[in-house]
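Next come two complexes built around chain A: one with chain B, the other with chain C.
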Partner chain A sequence: MKNNIASRNRTAKIGQSVMFGSTLFALVALVALLLNVVNRSFGNVIVRREMEASAFSPTPLDQLSRDDLAALVKRIADSDDYEGLTRGAYRRMDLEKPFAERSKDDIIGIINERLIKEEVVTSFTMWQTVFDQAGMNAELAKLNKSLKVGSPEGRIEFRSWINSRFFTQTMGSVAENSGIRVAILGSLAVIALTMLLALPIGIGAAIYLEEYAVKSRLNDLIQTNITNLAGVPSIIYGMLGLFVFVRALESFTSGAMFGITDSNGRTVLSAGLTMSLLVLPIIIINAQEAIRAVPNSLRQASYGIGATKWETIRDHIMPAALPGIMTGTILAMSRAMGETAPMVVIGASTFIVSDPTGPFSKFTTLPIQIYTWTAQPDEQFRNIAAAAILVLLVTLLSLNMIAILLRNRFSK
Partner chain B sequence: MQPQKQNSKPKEQKMLAEKASIFYGSFRAVADVTLPVYERQITAIIGPSGCGKSTLLRAFNRMNDLVQGARVDGKVLLDGEDIYGAEVDAVAVRRRVGMVFQRPNPFPKSIYDNVAYGVRLGNSRISKPELDSIVEQSLRGAALWDEVKDKLKSSGTALSGGQQQRLCIARAIAVQPDVLLMDEPCSALDPIATIKIEELMQTLKERYTIMIVTHNMQQASRASDYTVMMMMRADRAGEMIEFDETKRIFTNPRDKRTEDYVSGRFG
Partner chain C sequence: MTASKPPRSLKKKTRLGENVIQAFFFFCGFVSIFTTLGIVLALGSQALRFFGEPDINPIELITSIKWSPNIGEIGIWPLVTSTLMTTLLALLVAIPLGLAAAIYLSEYATPKVRNTLKPILEILAGVPTVVYGYFALTFMTPFLRSIFGTDIVKIYNMASAGLVCGIMIIPLICSMSEDALRAVPRSLREGSFGLGATKLETSLKVVLPAALSGVIAAIVVGTSRAVGETMIMATAAGAGPNFTFNPFESAETMAGHIVRISGGDIDYNSIDYTSIFIVGLTLFLMTLGLNFLSRYFVNKYREVYE
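Coming up: the complex of A and B.
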């Protein structure tokens, strides 16, 4: 009996290596992406300062207490020796916000901005930092030659573009002083609102479709439509949001209806409404799957001892379906977090320095922020864009990881 | 087809199916069954697979309502009242006619909560001591108390199959029904667990009216007082071909097909 075993085995081997190849390719692509982002998020920079802190303070600034720093600033202003910080400037700042109330970071910021005036002249990638010492030194030499005699020289420092200031600063015209604070708060506000709207509606719809809806042509049509909606390109949702929420319902979404006058329809609320439409099909479909996976024996057990439909849903079906619903919710959240196109269309702000304070605030989101920064000519914006991408990626990957863990944990 | 009552005193009818036909959509799964269910007796339903035993059983507590398109023609009476009557609530029927299923299906909750769940539904303000005592009585009633009294807080799904099935029985009797329907309650159990359930049925019978579907002829002959024999007609509708005291069905049936079936000569 000859079964061509040899040739069948060969085919199997080929199939196996093709699939291994695909996996490898996907992995390499992912690693390349991450490396590229990391490459720009960390690396050496050439910085130049107008003066060193040691010129006016023997102890390094960050070792001084808040009160010491305030006193130091006062002393500098009173001495009349520094152009950057005159008595007049001090008085103006003190009027704006008394120094007694300013934080340590705030005061250090003022000293940096007015006196030290640190500036990143050139930034290098991680790769250059590690492998191209000669090139960096050449750049530095070139810079120092071009400086006026007597002014402080530039120097090479290592910089992580992801640092605490990056998270706490708002946008600025200089990359080193720009941060993602407003964008992160904007993203969080939009996601919170999205979930607030989409979760109850989505879960409600899933329960209706799975437990109440009888099989009819209308319900089949609804089901098909929901499935199709999940595949609609996100920019279409953006258009819908623009026409309906931003324009047609402007008096509502801008808050004019509630007495807010300084805003247009491009608010957190419009974004949240648009995003909830976008993630609704995802939530419904995942919740439906989770509810469908609840074994029928559980329903029978509940009905069998005389529970009503609602009691059965509340006490048995929902608890059993919860992990699956949460998985879907997390996936929807990560989708809402990463979406850019609809946000561009409904007009998220590209430059905004104030935190969102409520549903009627203007806002920006992390992807929009990244997009804006990558379009800037200044090279250091490329670095903070990479840093922001890294933050976004890490957030998204951890969200997806949680979703996978939940799924594995509860589907033994 | 009334049973002959030569040696037993007449029994009260707890339930009665009158010319009951059960449909799934346009398919008639059970045709024209007229069947009395006697109080505090065990009635077994036997017959080949697919002849409509489960369908008939579920018609006695309206579990078929959960299947879309299912419908019952004719009447099913409980204490003389038609449970399919317009003003009757299926939930109320199921509180009086409990059910135990083929596969043990405890809730993924603690043993205590499994039993207490149905009681709490009916009486959400019940006091803790009162509930405790109902749980204990029900577990004792299901001959499970001694095995679980030290671990009432542990999960009901962590018990053995036989224990789970007795937990399901405890859960059913906790809401104090009149009738217990059991659909092949032992088919997922080993022989020893099966015997335990059968013994339990004999004690339960003192308080409850029991109907049981079984494929196990010994079980039907050992454990039941009355037996219903069902068969599939040519149009695939199930019909009741004989109903009598169990003794008679297994020793001297009137229908040749019953004789063939109970003696294992049938398909």
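Coming up: the complex of A and C.
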């Protein structure tokens, strides 16, 4: 048996470094994850254009006002110089939706699509952009050599895949014209509905379990059941939602009951109902802890001056437990925001161009967009997936930050 | 004014409003029971429908190793083995790293270090799994392919998905184990130091065994998370059931299969639709069993200190 103190101390030293190294690994993983996303959200691209915007407008397009742009399009159409935007084409588009009513992004989109005809051929990562100038130039030279004479040459430009158009565009068949507008609105709609349903029920259940429930078989069962539900994989909730809300209650969730006919059960309402069941255990468990932390003296003082149980809960326990409940609520919200699997199972649309208009409309959410774009073979779709991830992570981090601040501020 | 009224009865007064409120709260508590019943009903009824199909032989579920319900092959093993493979890989990463990090945070780190490291781990725990899926496909897979060669490692493979899943559950195992380690009373450590043990010896031979029930519970919960993990598997592990034990091959896990089949417009009367419920039922029972197991460990082997 080795009892040598020096060697035992050495082992202890090594052991400590191993433990520290393991902790560092988690940090390294987080940094790698973030860098990987940032790496693909920004970087150079090789683009080809039929013509440059400077050919018909001395000032860059996005610096022009909406009215100037409308006038510019009209001038180009009237001159009849450009094949992509003839007088006839202009009239057709104006009939579809008058130019006076179109938004700035919409008009720029038309100019891009019909005149400039921009095409991203290759995209590079941030890393390549900074450290591999030669590689990018070689790629460009190879491309330009393979082009037919007279067709527009490629050029290298820097691109941030997160830009204002990324937030305002709907989905498109090419990555450059795709945006997350519909997905963000869908996410917001689903989360709003989820919280609306889950908050009262969750807090109610917590109040019941902490304040009313006496020790009985049934109440034990409810408590055990909630703990178990917290451990059920989210995809199982998706199947529950598919069976109950999308199919069994289709006439309700599709709005057929209320006279809406153009929809099936795969709506914002179904998603909200499913998600509220999913976040319910999180809200209940957190609210229970918050209520349990309220000192008993508060209850007794309230009863002592003749308050009823409900008055005690409403006027004394709830205000004291509120910060804790809010922390749990925010955690539940961020969970609902990032959840993908149940949404895919209940059948959120993966390609949809119209904003959700109410509980009975089809929808998509931000994580679903990320999933669909990641699954595309095109490198550019990976870029916009990274950009969407960045948006999602920033939102979630701010939510978590608020939760932590709340906890620190009120934990006394 | 009240003086003229007869003396109040001291019996408990029934207040209708109070009772209504209590009934509402009880209903809220009961919603969770409905949820469980709904899950069992949904999975069970569709699974029964599946077995009721004419050319389905229920025993094949565990005797066959081919899964393609469309042509009557319903051996669930390819989906189960790939799930177990990815779970195993995840645990290989998460148990040593998560446990070591837990020991470091609870035994070695100064309060200041712990207060900076813990929130960072919490951030890691809050990252949505679809982001981990992206990380697996765009970082881990190319990384593995550059090490082992592109011939051996497929573009979609279990190794990449499993390893990233392991990274995902490190924070879970770490924070649950750390809670267990920190609950061990100081006197035990001091007794050990007093006998001349080093810090490492104290941590591994005194504190860790004393907290074992909590640590095992953490590992079991982590396992349950890995088994039910969906988006990482759907993104990086590949599509199509494949009965293989080679981690560099592509193979679909149970959860990944459900997502792929149910995404898109599925015909509610097709065998594809009912078959995902039998997979879901298997998955549900597996995670439920693991959750009970974790509770059992905590209750049975918990050392209680005063």
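To be clear about the criterion, the second predicted complex is superposed on the first by the 388 of 412 C-alpha atoms of A that agree within 3 Å, B and C clash if a C-alpha of one lies under 4 Å from a C-alpha of the other, contacts with A are read in each partner's own complex, and residues count from 1 in each chain.
Here, contacts are C-beta pairs under 8 Å (C-beta built on N, C-alpha and C of every residue); 3 or more make two chains touch, one makes a residue touch a chain.
These numbers were taken from a predicted model, which means no experiment stands behind them.
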(message) With both complexes overlaid on chain A, does A:H316 touch chain B (first), chain C (second), both or neither?
(response) first
(message) Let me test your reading of the model: by the given contact rule, A:F258 touches which partner, first (chain B), second (chain C), both or neither?
(response) neither
(message) Touch test for A:F167: chain B only (first), chain C only (second), both, or neither?
(response) neither
(message) Looking at A:V232, would you say it contacts chain B, chain C, both, or neither? Reply first, second, both or neither.
(response) second
(request) Counting touched residues of chain A, say whether chain B or chain C comes out ahead. (result) C
(request) Examine A:F131 and indicate which partner it touches, taking first as chain B and second as chain C; both and neither are also allowed. (result) neither
(request) Examine A:T308 and indicate which partner it touches, taking first as chain B and second as chain C; both and neither are also allowed. (result) both
(message) Just checking: does A:F351 make contact with chain B only, chain C only, both, or neither of them? Give me first, second, both or neither.
(response) neither
(request) Using the superposition on chain A described above, determine whether A:K215 touches chain B (first), chain C (second), both, or neither. (result) first
(request) Kindly list the residues of chain A that each of chain B and chain C touches, one partner per complex. (result) 308
(request) Can you check the complex and tell me which residues of chain B touch chain A? (result) 61, 63, 66, 68, 91-92, 94-95, 98-101, 103, 105-108, 117-118, 121-122, 168, 171-172, 174-175
(message) List the residues on chain C that touch chain A in their complex, please.
(response) 15, 17-18, 21-22, 24-33, 35-36, 38-39, 41-43, 45-46, 96-98, 100-101, 103-105, 107-109, 117, 119-124, 126-135, 137-139, 167, 170-171, 174, 198-201, 203-204, 221, 224-225, 227-231, 234-235, 255, 258-259, 262-266, 268, 276-277, 280, 283-284, 287-288, 290-291, 295
(request) Flag every residue of chain A that touches chain B in the complex, lowest number first. (result) 214-215, 295, 297-308, 311, 315-316, 319-320
(message) Using the touch definition from the top, list the residues of chain A that touch chain C in their complex.
(response) 8-9, 11-12, 15-16, 18-23, 25-27, 29-30, 32-33, 36-37, 40, 200-205, 207-209, 211-213, 219, 221-222, 225-229, 231-240, 242-244, 247, 277, 280-281, 284, 308-310, 334, 337-341, 344-345, 347, 350, 367, 370-371, 374-375, 382, 385-386, 389, 392-393, 396-397, 400, 404
